[in-house]
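These are the structures in question, set out in turn.
Two complexes follow with chain A in common, the first pairing it with chain B and the second with chain C.
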Partner chain A sequence: MVDAARPAVAFRTPRFGEGAAAWLLSLPAVAAYLLLLLIPTLAVAALSFTDFELGLPGARFVGFENYAELLRDRGFAKSVGNTLVFVGLVAPASIAAGLGLALLIEAGARGRTFFRAIFFLPVVSMIVAMATAWQYLLHPTIGPVNAALRALGLGTPNWFGSSDWVLTSLGFISIWENAGFNMVLIMAGLTAIPRELYAAAEIDGAKSAWARFRLVTWPLLGPTMVFVTIITTIRSIRTFDTVATLTQGGPNKASELIVYTIYQEGFTFLRMGYAAAMTVVFLAAVLALMLIQTRLVERRVHYG
Partner chain B sequence: MYGRRSWFADLPRLAILGICAAVVLLPYAWMLAVSVKPRSEVFSAALSLLPEVWYAAENYGRVFAEVPIGRYLVNGVVVCGLILAFQLAFALPAGYALAKLRFRGRETLFAFVMLGLLVPAHVPAIPLYIAFANAGLLNTYTALAAPFAISVFAIFLFRQFFRALPDDLIAAARIDGMGEASIVLRVALPNAWPAATAFAIFSVVAHWSDLFWPLIVVTKGDLYTPALGVLYFRAEEAGDDYGALMAAATLVTVPLVAAFLLAQRRFIEGITMTGLKG
Partner chain C sequence: MAGIEAKDVSKRFGDVQALKGVSLAVAPGEFVSLVGPSGCGKTTLMRSIAGLETPDSGTIAIGGGDVGGLRAADRDVAMVFQSYALYPHLTARQNMAVPLVMRRLDAWRRLPLIGDLLPGTRAAKAEIAAEVARTAELLGIEKLLERKPGQLSGGQRQRVALGRAIVRHPRVFLLDEPLSNLDAGLRVQTRKEIVELHRRVGASTVYVTHDQTEAMTMSDRVAVMMAGEILQIGSPRDVYLDPRDLRVAAFVGSPKINAFAAEAGADGLVRVAGTPTGVAVAIQGALTFAARPEDIAPNAHDGIPARVEHVEFLGEAVLLHARVAGATEAVVARMDARRAGTFERGQSIRLRPDPARALLFDAAGKRIVARAVPLGLKEIALG
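So, the complex of A and B:
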């Protein structure tokens, strides 16, 4: 149908057809995609079957040896465990914080722009710099937080120095960083809920704010919340900056997170074949998480 | 949400928000405070934010004297600028082609774009590093910027945006004798500003603060990005001189935070609209 209108135009562009023009326009992007994304990603998979080390001549094909070593590697198991605990702490907490802040801000007209700006501030701040500020705040002896705790007669943990606390402290910084981001996404979801539904729910007997939240807000916010959950999980599983700045995985590997472990294995120890195997596992985990969560979306979005 | 309320009835809500805001602002307040305090006050663990002796000149002076912080900031601007320029140059025409042109392979191409969205930037890092090392390109702007020249997210964003562009507009341009390339430049591009601005903010925020990749490909001080600069100053020069360290942290944080406070709505729109890539 559209093709009938085409020839007149085609006459004016005699040198290339639409298809040729489209490929020409896409060519730079396609070339860059192949060179910088697709080939390197396939190369990671290929490298993971070798014992390649930068600077050493010749790499051997070792089959699944790297993967077998990963299974035996206590440090890697520790890193995966830490990452699971970390994501399990950061994702729910920063989603809950984002939801709480969004609901509180939307519950009234005053201070909307002001509070939204403040809670969003960490998103545009450089984490390396802010982590340094947190490190001073949480310094075991000269930090204001512990000074306040001392004044209240409470215990003063060594926030980044003790293996019991370090993951919690880093997690707290990540929650601080992600809450405002989630808040803005959730606020966008809240604005999309038609006002009449609240009035209708009230007439139908939903008198309390909690009843209205349960009957209207929560079900209609479903798709937004699943989206926020996916993003937050992926953002927290990739945490690197705070670890690299503050703890380098210490003390005693208590704050080794997967991306930092990959970085160290690949770029400090230069065992790139082995690090590539870790990367493949990391990518598989990220893809699996996305798949599980999108499956949940499909089930949830249709409101049962 | 449920109509206007009196100040009094609104007070509990504002109080809770106020306390949360104070917690969020805590590191900013102390970063600024410590950056103008002398050493003795920093180490006294006092809870007062304001310094007894004003020590700003000494702390900030020490940063400028000991590290080329201006150079780091310029590097940050150059790298972010290069990345953004290439991302736009690659993604705008591709996004237009995917949205408005019919061609064989379009669905496959778009499927690859969606596939690319799933891959975190850490995944291709090892082969890219090996390639840059073999090409002798470590410690160059090329190594810092090149891996991010392609943004599948930008292609996806512009494709969605251009789909909303009226077909009549493009048909009219074709009748005027414009080729597809000049349609991109003279019809699509001028209409793409909202999407381009949003993407630009997202991209600059992400790459100004990035640590992972610069840490891998840069070992020489004159190519340090702001994030590397702070890390280096922390490890090598500042020691336990928190005053100077916080002065350095303030200097690298201020540019984006100031831009954010000036164009708050655009920033929030840009980063959340592009939130998909996180």
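So, the complex of A and C:
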């Protein structure tokens, strides 16, 4: 204890001001931020103004040419559109599913740990490995899902093969994966709600589960839900592994999501400068989205 | 008005027996305090009456009707929680309105926007607002109504919690240590206000506290609880002057009652440390002789030998702490400051309890009848 306290005393001497101590203490975090985040981001931004191609020597400064090309690129527009549809499907559904699961498990008398583990499984298992299982489950001819549909006399879509269904199929896998993650976050939020508030609600006449949810659970879960919404939006925007393993963006670019497009541009067609421009636009869009979300929600959420 | 009657209520949590067959009857309009050390089951009894806890056995009736089958929302009780349990996201005004909104507006009418379009919603809401305003005025918190609990001090929160409880005129009030988070000054003031409020509202009240001064000053009757049992229920005067159990005598009163290990001889005369006390009992053998600090006085000639440990000057009174040889706890004597002599640390004195006021308890701690007998001259000489 005494030894640990000594340097702190030393920092407080006038020779070594408090400001210097503060900088020294935050140095590791600042360094990590610079090295791992800011510098790579700036490098990408710089790259986006060049025509750098992987494997070719030298790069030329091309100004905003890459960005101008982006505006004209129909493939990029398609990919952005797909991503919007995908996020619009996955984020709300997986948040709702996570909330539903968390409430059900909390309300249940037994098996809490068991169900929590079951639904968290998709998060800890490698999605690339799991994709294979999904490929089998949703196989148009030998898959059990279509077998069941056939038995019920319903249509049997070609889940990954038809451009009408492919986004929905990938979306479903993402929902399955994100719901478990959200469930764990929301369960943590639920345990932070004081039990006495439910007792007070009961005494105050909130008889139905719905009334107690509206009066206590939902408002007190507010900060958690803000976080869950942001994290889920980011996670679904970034979806890449299922596209790469299951559909490669096909059929006919119907499942091209933005990160996969960037990857293709940079690592298949090796046009790093162009891919960098996409990345910058992507980052700016995500950042703007986050700002809007927090602004909108912050005003209506009670913290603390 | 409605009374409360709990009969043989037992409740067990795992291997903790929180309530061991507790019976408590509160007359309509009565103010009863539950006192006892921490963990003795006060909150559990309260929650059982409210319907938040289901007793393992026993019955609870409110206003003469059994409420065993009713859930908390239907029992028409109001409770102020130890932690106040205010809704942190609602303003004081909204907090106080909750019990009325929940009872008077159905789920549809509580919906934002849509609810207001349904017939009757506006009128009901206006009435609720008026009642909340009236209650706020009664408690003197009109200026705080737009603040959220996080922006209120402990005392103000406590008032809002009280407001939320009284706003709907419940049959029964349950207050669980509502003053425990307040500072000493505010506590004394709020104590008076709660009594006033009870007089005005008139509903039967159970008031939990582990502060005996609070219990003594506020209540019609005090129930002393220990280890899941109610040891005694009676007026503050009764539990102080006429305790039925040594634990009650020891819990009520500050400084604590002085208890001496004593022995009753074949003649029934009680002796402490071999010194006759001038008290006789009907039994023989080991017992406890107890006397309140104000019933013990130092004496030059006779009494129990002791050594002065220290002296506390309280203004109107002086507390003399002395130790009897072999005893673990010091004896405290309370004297009128103007008449007390001077004492020095380490000085040998003799303490003489007033035999007419001494309380005697058998080996099991139950009170036994004692009578004062004049001490013969011979006995004094021997002592």
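By our rule, the second predicted complex is superposed on the first by the 261 of 304 C-alpha atoms of A that agree within 3 Å, B and C clash if a C-alpha of one lies under 4 Å from a C-alpha of the other, contacts with A are read in each partner's own complex, and residues count from 1 in each chain.
As a working rule, a residue touches a chain if its C-beta (ideal position, glycine included) is under 8 Å from a C-beta of that chain, and two chains touch if they have at least 3 such contacts.
Predicted model only: the values in this text are computed from it and were never measured.
In the overlay, work out which of chain B or chain C sits against more residues of chain A.
Of chain B and chain C, B contacts more residues of chain A.
Based on the superposed arrangement, let me know which partner A:36 touches: chain B (first), chain C (second), both, or neither?
Touch status of A:36: first partner only.
Please indicate which partner A:196 is in contact with in the superposed arrangement: first for chain B, second for chain C, both, or neither.
The second partner, chain C, only.
For A:210, is the partner it touches chain B (first), chain C (second), both, or none of the two (neither)?
Once the two structures are laid over each other on A, A:210 reaches chain C alone.
So, A:220: does it touch chain B (first), chain C (second), both, or neither?
second
Determine, under the contact definition given at the top, whether A:63 touches first (chain B), second (chain C), both, or neither.
Neither partner.
Is there a shared patch on chain A that both chain B and chain C touch, and which residues make it up?
none
For the complex, give me every residue of chain C touching chain A.
That would be residues 47, 50-52, 71-74, 77-79, 81-83, 85-90, 98-99, 102-103, 107, 110, 148, 150, 164 of chain C.
Which chain A residues qualify as touching chain C in the complex?
Answer in residue numbers: 194, 196-197, 199-208, 210-211, 214-216, 219-220, 222, 302, 304.
If we count contacts the way the header does, which residues on chain B are in touch with chain A in the complex?
1-2, 4-5, 10, 13-14, 16-17, 20-21, 23-28, 30-31, 34, 42-47, 86, 89-91, 93-94, 96-98, 101-106, 109, 112, 116, 118-120, 122-131, 133, 146-147, 149-150, 152, 155, 171, 174-175, 177, 179-181, 184, 205, 208-209, 211-212, 215-216, 226-227, 230-231, 234, 242, 245-246, 248-250, 252-253, 256-257, 259-261, 264, 267-268, 271-272, 275-276, 278
Would you tell me which residues of chain A are touching chain B in their complex?
5, 8-9, 12-13, 16, 18-19, 21-26, 28-30, 32-33, 36-41, 43-44, 47, 54, 101, 104-111, 113, 115-130, 132-134, 136-137, 141-144, 146-148, 151, 176, 179-181, 184-185, 188, 190, 198, 209, 231, 234-235, 238, 240-241, 244-245, 259, 262-263, 266-267, 272, 275-276, 279, 282-283, 286-287, 290
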